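Look for chain A in each of the two complexes below; its partner is chain B in the first and chain C in the second.
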Partner chain A sequence: MTGDLLIMTVFGSIGIAIFGLFFGLVYKGIDRKIVAHMQKRVGPPIRQPFLDVIKLMNKETVLPENAVGWMYSMAPLVCLASSIILLLYIPMGGLDQVFENGALLGGHGDIILVLYLLIIPSLAMVAGGFASGSPFATVGAQREMVTMMSYEFPLAVVIIAIVWKLSTAGGDVFSLSLIAGNPIWNSVGLLGLIGAFILLLALVIVTPGEVAKIPFDVAEAETEIAHGLLAEYSGRNLALFYLADGVKTFAMASLVIVLFFPYNISPVLEQYVALGDFTILVDFLFFLLKVFLVLLFSVTLVRAGMARLRITQVVSVYWITVTLIALFGLVLLMWDNQFDVGWF
Partner chain B sequence: MISKAFKRALWVFHVNSGSCNGCDIEVIAALTPRYDAERFGIKLVGNPRHADVIAFTGAVTSDMAEKVKRIYEQTPDPKVILVVGACGIGGGVFHESYHLEGPIERLIPDATCVYVPGCPPRPEAIIYGVVKAWQFLEGVEKK
Partner chain C sequence: MILMMLKTIGGFWDPLILVLAAIVVAIIAYIIRAAGRRNHKTGEQAKPFFSGVAEPSKEAMHVRASNLYWGFTEALKGYYTSMKKMHSGMLNDYIGWFVGIAALIFVVLFVMEVL
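Coming up: the complex of A and B.
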């Protein structure tokens, strides 16, 4: 029994790693294509990120003279590995019927673990930035730390609010499969509905910060600080960071889906056609569509429509505006439990 | 697949080594919706460490000479220099100036240079120059 679990974990992890890398790059390509179209350009083909990675793999990998060698070379690996580990815990539509607790390691970790795992890729980048011994990378690393501290609080508020709402029902409320099984929209009144919308808004604003995209990409600002954290990275190491960025974006979108849109389409379709063995496939395709929509609204459209904020503005946006929005949503959810406003 | 790795994914770092800004505007024009170099995977990066092609605009002034050499050394192999504009080739209208360190090929003798003549060259010419650069990089891969 233990042997089976071990084999499944090992091969499942490899499978999910390949799957995450592939879709991370695909969504990166789609993102670039849509931004290009919004700017009235033709834009690169959707397979462009794959070509970029292959090219980077063929380039020389420079180790700067005054870098801390082992830390500098470890950081991209840790960054990519922890981004892939995230995918092992987050339930994904379709796949949640394959695995026992929603995800490959679903029964072994909860949302608090995912919250901590989300920090590790950024921490690895900070370590790599400081280790590369370049002033640009050091400034980038400091900025990344400040950004991290800024968006963690509103993100925690959103997650606590959803978990607290579930806790009134009881059970192991931190478990991701329980959160995915009880969508927040199903158990709220009017006030709670407004509160949940506000929390969703806060999470949508946190997402571009979490995955370091415009307007919150201060740590990797190419025009100001020469790519910041990544300033000294080249070749294979840069390719690993490139892949990690794609995987982390995919994982973050999956987390948004687990928290707010964990619905599957198969129960709706079952009323019209018998899906049989195709249930998993249909749900999985629907999940990919949801990831696309989340990334479209929280990353792509924002990226095309906005300029980069200054680091001070990033801090004030997250600490003051988004935190207040998220706390207001939390309060509305609490009022929803206390007062029964009803539906008009 | 690997021999064609550079074909559709060239990253260009743009350095102004003493240009009058005319060529810089044309380099930017190559990225605008009208020409859209990104559809060929050509991307402007902000750092020589990420670049495959270094685009130098302008004649090299004595202030920039050392920096030009350093930027070339900082770029990981394989790499190509793209000299944009007449100034980088022979000094252009500044050819008699006292403060010029001469063309880039004299500063970095072992570099592979692709020249785009013109004052300033048209964006199509710059894109064509980048195409020549990737043909060279593919040749490096085959060896």
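Coming up: the complex of A and C.
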């Protein structure tokens, strides 16, 4: 039993890592293509992120003379590794028929663990920025830290709200498979539905902050602080950060799906056509479509239509506006339970 | 059983499995990194990027720790200003707060008991 688990962890981690790296770059390419079209540009081909990684791997990896060498070199490794680990715990559509809990290690860690793991890539970037010995990188690292402190609060409120709603059902309410198995939309009345929509809105606003995209990319602000905490990074180290960005973005979108859109399409299609062995494939493709839609609405369209906020605006948006929105959603969920308004 | 699941009232996780997975993916990340170009020139390009301006002294370039949370404290300036006023350093003020809050708690408890 233990031996099987160890073997599954080792080989499964390799498989999920390849999967995460591939789709992370694919979605990066799609994102760039759509933004380019929205700005009336042709844009790069979807395979461009793959070419970027190959190019970066062939570039020189400069170690700045002011850098703290070991920390500067370790940061990209930790960033990429922790981004990949996230995918081992987050259930994905279709994989619930392959793994017991929808994810390789779904039964060995809950959503609190995922919340902590989400922090590690950002912390690694902060450590790398401070270790760079550059004023631009230091300012970027400082901004990343402040941004991280800002979006964690509303993110925690959203997750606590969903878990609280599930607590009436019993079981390990922090388990991601339980959350995915009991979609919030199925157990709410009218007030709860409005509350859940508000929580979804809060999470959609948190997502670009979590993956450092416009308008919350103050830590990397290219035109302002020359790529901020990545200012001194080059070559293979920069390639690792680039890969980690793709993987973390994919993981974050997967988390949004688990929390709000965990439905599979196979039960609907089964009514019209027998899917047989293709059930896993159909559900998995549907999951990829959902990831695309989440990224389209929370990252791509937002970054194409908005300008970068100032760091003080990022803090006030997350700590005041989005937190209040999320708390209001939580209160509506509680009222939904307490008053039992139903649908009329 | 070597692998122990840690459970609390709310959550659960398995630290050894996490460490094992972390080692595997760290090795993968290391292999990817090792596939990249290693050599690089030293000298001019190893100096920190400063928009082409001559590099000032290290002390002048250093961002002070007091500025670390600047964006945060600046955005929540109103809150921090009022909090600083409260933290006057006067023992009388702190005892006053303690007595006031304790009285408030007793009033709340009393009202809850009566109702």
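Simple rule for what comes next: the second predicted complex is superposed on the first by the 344 of 344 C-alpha atoms of A that agree within 3 Å, B and C clash if a C-alpha of one lies under 4 Å from a C-alpha of the other, contacts with A are read in each partner's own complex, and residues count from 1 in each chain.
As a convention for this text, a residue touches a chain if its C-beta (ideal position, glycine included) is under 8 Å from a C-beta of that chain, and two chains touch if they have at least 3 such contacts.
Just so you know, these numbers come straight off a predicted model, no measurement behind them.
J.: Applying the document's definition of touching, compare chain B and chain C: which contacts more of chain A?
T.: When the residues of chain A touched by each partner are counted, C comes out ahead.
J.: A:L105 contacts which: chain B (first), chain C (second), both, neither?
T.: second
J.: Touching A:G181, do we find chain B (first), chain C (second), both, or neither?
T.: Once the two structures are laid over each other on A, A:G181 reaches no partner at all.
J.: Have a look at where A:Y233 lands relative to chain B and chain C in the superposition and call it first, second, both or neither.
T.: A:Y233: touches chain B, not chain C.
J.: Contacts for A:Q39 in the overlay, against chain B (first) and chain C (second): which applies, first, second, both or neither?
T.: After superposing on A, A:Q39 lies in contact with chain B but is clear of chain C.
J.: Per the contact definition in the header, classify A:T223: touching chain B only (first), chain C only (second), both, or neither.
T.: first
J.: Using the superposition on chain A described above, determine whether A:L51 touches chain B (first), chain C (second), both, or neither.
T.: first
J.: Going by the contact rule set out at the top, does A:G189 touch chain B (first), chain C (second), both, or neither?
T.: Neither chain B nor chain C is touched by A:G189.
J.: Which holds for A:V62: it touches chain B only (first), chain C only (second), both, or neither?
T.: A:V62 contacts both chain B and chain C.
J.: Need the overlap of the two footprints on chain A, from chain B and from chain C, as residue ranges.
T.: Common to the two interfaces on chain A: residues 57-62, 136, 226, 231-232, 235.
J.: Show which residues of chain C lie in contact with chain A when the two form their complex.
T.: Residues in contact with chain A: 1-3, 5, 10-14, 17-18, 20-22, 24-26, 28-30, 32-33, 35-42, 45-51, 58, 61-63, 67-72, 74-76.
J.: Quick check: in the complex, which residue numbers of chain A touch chain C?
T.: So the residues of chain A touching chain C come out as 2, 5-6, 9-10, 13-14, 17, 56-66, 76-78, 80-82, 84-85, 88, 105, 108-113, 132-136, 138-139, 142-143, 145-147, 149-150, 163, 172-175, 218, 226, 231-232, 235-237, 239-240, 243, 311-316, 319.
J.: Looking at the complex, which residues from chain B come into contact with chain A?
T.: It comes out as residues 1-2, 5-10, 33, 36, 38-41, 45-47, 49-50, 52, 74, 76-78, 141.
J.: What does chain A use to touch chain B in their complex?
T.: Touching chain B: residues 32, 36, 39-45, 48, 51-52, 54-55, 57-62, 136, 222-223, 226-227, 230-235, 238 of chain A.
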